[in-house]
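Chain IDs A, B and C follow the sequence of writing; residue 1 opens each chain.
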Amino acid sequence: MNRLFTMRSKTGRYSFLVDRKTVVILTVLFVCTVAGLILSIQAGSKTISFGDVVLTLLGQGTPDNKLVIGTLRMPRVILAVLVGAALSVSGALLQGVVRNPLASPDIIGITGGAAFAAVAFITYTAGAVSVRWLPLAAFCGAALVSALIYFLAWNKGVTSTRLVLIGIGVAATTSALTMLMLVLSPITAASKAYIWMTGSIYGASWENVYSLLPWVLIFIPLALLYARSVNVQELGDDMARGLGASVQLHRVILLFISVALAGSAVAVAGAIGFIGLIAPHIARKLVGSAHGGLIPVAALIGSLMLLLADTVARTLFQPQDIPAGVFTASIGAPFFIYLLYKNRNQ
Amino acid sequence: MIRSQKWSWLLIAMLLSVAVLAGCGGKQQEAAPAQPAPEPTKEADKQDVRVIKHAMGTTEVKGTPQKVVTLFQGATDTALLLGVKPVGAVESWIEQPWYNYIKDKMDGVTNLGNENQPNIEAIVSLHPDLIIASKTRHEKIYDQLSAIAPTVMTEEVHIWKDTLSLSAEAMNKKAEEAKFLEEWSKKVADFKEKMGDKLKLQVGIVDFRPDHARIVYTGFSALVLDELGISRPMNQKGEEWGVKLTSKENISQMDADILFDQTSTTRDDGRMDLRKEWTEHPLWKNLRAVKENRVFAVDTAVWNNGSGPLAALGMVDDLYEFYQLK
Amino acid sequence: MRSYIHKTFVKAIGLAIGILLLLLLFVASIAWGTTPISFQTVIESFLHYDGSSDAHVIIQTTRLPRAIYAALIGGNLAVAGALMQALTRNPLASPSIFGINSGAVFFVVLALAFLPVSSMDQLIWVAFFGAGVAALSVYFLGSLGRDGMTPIKIVLAGSAMSALFASFAQGMLVLDESGLQNVLFWLAGSVAGKDLDGLLPVLPYMLAAGILALALGQAVNILSSGEDVAKGLGQKTVLVKMAIAAAVILLAGSSVAVAGSIGFVGLVIPHIARFFVGVDYRWVIPYSAVLGGILLLIADIAARFLIMPSEMPLGVMTALVGAPFFVYTARKEYRAKGAAQ
């Protein structure tokens, strides 16, 4: 038996090399995610039995369960899964393009742009504009700031070192501006802004799910299609050029996908940190760094992480419902330090 | 090889369709609770259905709600005044779970967690028939709350008369509200009469925090003081909520005939040290209120956090005491 | 880097001019503020202090302390930055990039939440501790690995640690809204509203570290010519590095402890100092100290006038100047090198 599968599109333009281990891991993770979804739907201020969950999903549950599951828990867990996947894939692409394991959307400024726009929205519209537009504002912030970073990093092409450093510098600028707005804003706006900046999927609605779903459905498959290009990018510019890849073009495309995923996720869920950094690493540990396998595995791991963080956040401290961002950091941090230590010779 | 290729594409297609189905399934789920099936209660047609306008639109409320959930401090205070003990309320900012001034009235009320992110599932299990919330804090979850029970929202959390009027309307307690307002205006008139010339004494509100001091321009306490006809210094009025002072050289900005100090004294985070430092400063000693010995420390739960009619009454009681009326 | 001043004599004159400017700004900082005070009154208040005069009281109790704070902390942070840039051979190293600020802030928030800490004096020590922890961990994380400390590794380790501390601190703040506003000003960095008593506990450390830094000038020169060269010249590099690290932690830690997170002074100033006097650290360090003081005095004077009678947080002011400078430096430094990597 062949240990490797090749998946190739009809024209042969896109192809993946996927080994058996990756498929097994993907299957296991997929099952875990589904199980996690079900368990998370059951858990809450009142635990709902599996039977009742099934009944409710079939439309036969009690009105209470319909309400709790249909309006509250379902959109929330699904949003957690989508946001986790989007952030994680975004991080995986960034780490590939930048060739540095410590890159992630929150560290190189994409999230900072979104935070700046979101806090500006919260402070300056002060209820005059419906909060429904907040995600749009945040997304625009992320996109504009990313474009700015790319523009500033451009000098006959964009090198990864410059991209990271300029991203960090721009992140510092936006965070100073954000802090300025916070200090000058009324008290209620500041607390709202802080929750946004921590990242929370509290109060997730179907509307949120629908606004994120198209992004995830379009850009994660797109990321898969360009996986080979990430592999090439990881070899370094010279090598990549030698292999005939149009380095700069693919870099722009990959960054664009990454920004689209991170921007849309952050727009609906706030500045949830660390998933984009850590999930891709766990994935790499599991399946190696060929992006064909890495991207779907990273997506599922990101989903699982955020699902776990949010479930803990809303169940463990009843009646308090804590922003999930608090827990992604505490789950992520120890692992992150371990990682830095572990990768010391890379 | 070809087989495995097809198989993999199939897998991806399946994953996608599962995701799409999950979304669509959700849509159907949503449709059901969004229009809460009218409970076929027998007296439904007998009860009057009141259409209430509020910050998020209009909401229909039937009869006199018995189980009310209040999602901000002012609403809890208001409900208690109108004679309705909420079935659930959000936790207080200090003196958790409930402020001392209403603690004895809050026995058995379910704690719904933080005002910023109240626990929605806990609200569901209370089966409320009315939810009173605020757009400032809860705009995002309006749809979810509405799916649980008729929900009304105030624009702000601290404009206590708006909270009162909206809550009374929604709770079908207009008579109680009118009764309170009558008493209140009598009280205000009585206060103004007894105060006489003292109303001209300018009053400032200060609040010490661990690393800065505040002069409060607007807010709950300022609203009540304004209504009572108490004058405020010109530089301490404005659109802004107030001002943060970090340098002691700005102490003279606080100048007024009377100062109410609403510093929260129950917290152990350094604000008492700051207050001590500032109030020992020579510039502080030059303030008119300080020279006249008219600085009053007030209960911050009543003067700042409570933001409801009970708190307003509490403030007036304090004022009678400070001005030695009666 | 080419310097614009070559002769030692001219460098000394330049330093003297710098000190003069620093003194002028120091006096200006005392005279200018929400309450206008004439220079004459300023001088009078020092010669014969009159406790019944508001102006005299303001000068002696608020303006003088904050001017001292601004000058000292600006100098400290700039020297810390210069030493860090030399030690890590990284033009982007500075206290804020190393996560020292956010480390201190995190520990302060942690202490407020879980420890029976109630006064600013105790918080100073907590912040000191946090700064040390952050600096050491970033240094450690950034120098792991075979290729040792590369600029990008340090910067990434620093911002990752910052992100970590910041998200922890934010999480805790979210749980306590009313406590939240109170630390915001401190988080953003400020030298206002502090009296000299707060400075006393850390002043000995600041001075000791400052003197140590000045004394290290020649050793830093040797070290920055490369570790092997330094060893060849008989330098005990480990010892020198440890001394530098100690000076950095004391300087940056004590500054963050008393004034909150004031970023980017340590990044920008050493570059300007090197622009004047080249890479000779015997001069870069004193120049940095003076220029850092000047920058922070200017920033602090501006901070009080922009939104009177409230004030801009000083950390925001410096970040607004410094962060774009960081971007500029990153662009410049990695124009050539970046392409090769």
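Basically, a residue touches a chain if its C-beta (ideal position, glycine included) is under 8 Å from a C-beta of that chain, and two chains touch if they have at least 3 such contacts.
Note that the structure is predicted; figures quoted are calculated from it, not measured.
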Selected interface, A-C versus A-B, where C-beta contact pairs are more numerous = A-C
Which one chain sits nearest the middle, judging by mean Cα positions?
-> A
If you average the Cα atoms of subunit B and of subunit C to get two centres, how far apart are those centres in Å?
-> 41
Hey, how far is the Cα centre of subunit A from the one of subunit C, in Å?
-> 35
At least two other chains touched by the same residue of subunit B: list those residues.
-> 114, 116, 244
Which residues belonging to subunit A are in contact with no fewer than two other chains?
-> 183, 187, 191, 195, 320, 322-323
Hey, what residues on subunit C touch two or more of the other chains?
-> 174-175, 177, 181, 185
Mind pulling up the subunit B residues that touch subunit C in the complex?
-> 93-94, 114-116, 209-212, 243-250, 252-253, 264, 267-274, 277, 281-283, 286
Note: in the complex, subunit C contacts subunit B through residues 33-35, 51, 54, 57-58, 61-63, 66, 112, 116-120, 123, 174-175, 177-179, 181-183, 185-186, 190, 192-193, 195, 304, 309-311
Spell out the residues on subunit A that touch subunit C in their complex, using ranges where they run on.
-> 100, 102-103, 106-107, 152-153, 155-157, 159-162, 164-166, 168-173, 175-177, 179-180, 182-184, 187, 190-191, 194-195, 197-198, 236-237, 273-274, 277, 320, 322-323, 325-330, 332-333, 336-337, 340-341, 343-346
Spell out the residues on subunit B that touch subunit A in their complex, using ranges where they run on.
-> 1, 4-5, 8-9, 12, 15-16, 19-20, 22-23, 25-30, 32-34, 37, 91, 110-114, 116-122, 124-125, 127, 135-137, 139-141, 143-144, 147-148, 155, 157, 241, 244
Complex interface listing, subunit C residues touching subunit A = 92, 96-97, 137, 141, 144-146, 151-153, 155-157, 159-160, 163-164, 167-168, 170-175, 177, 180-181, 184-185, 187-188, 263-264, 307, 312-313, 315-316, 319-320, 322-324, 326-327, 330-331, 334-335, 337-339, 341
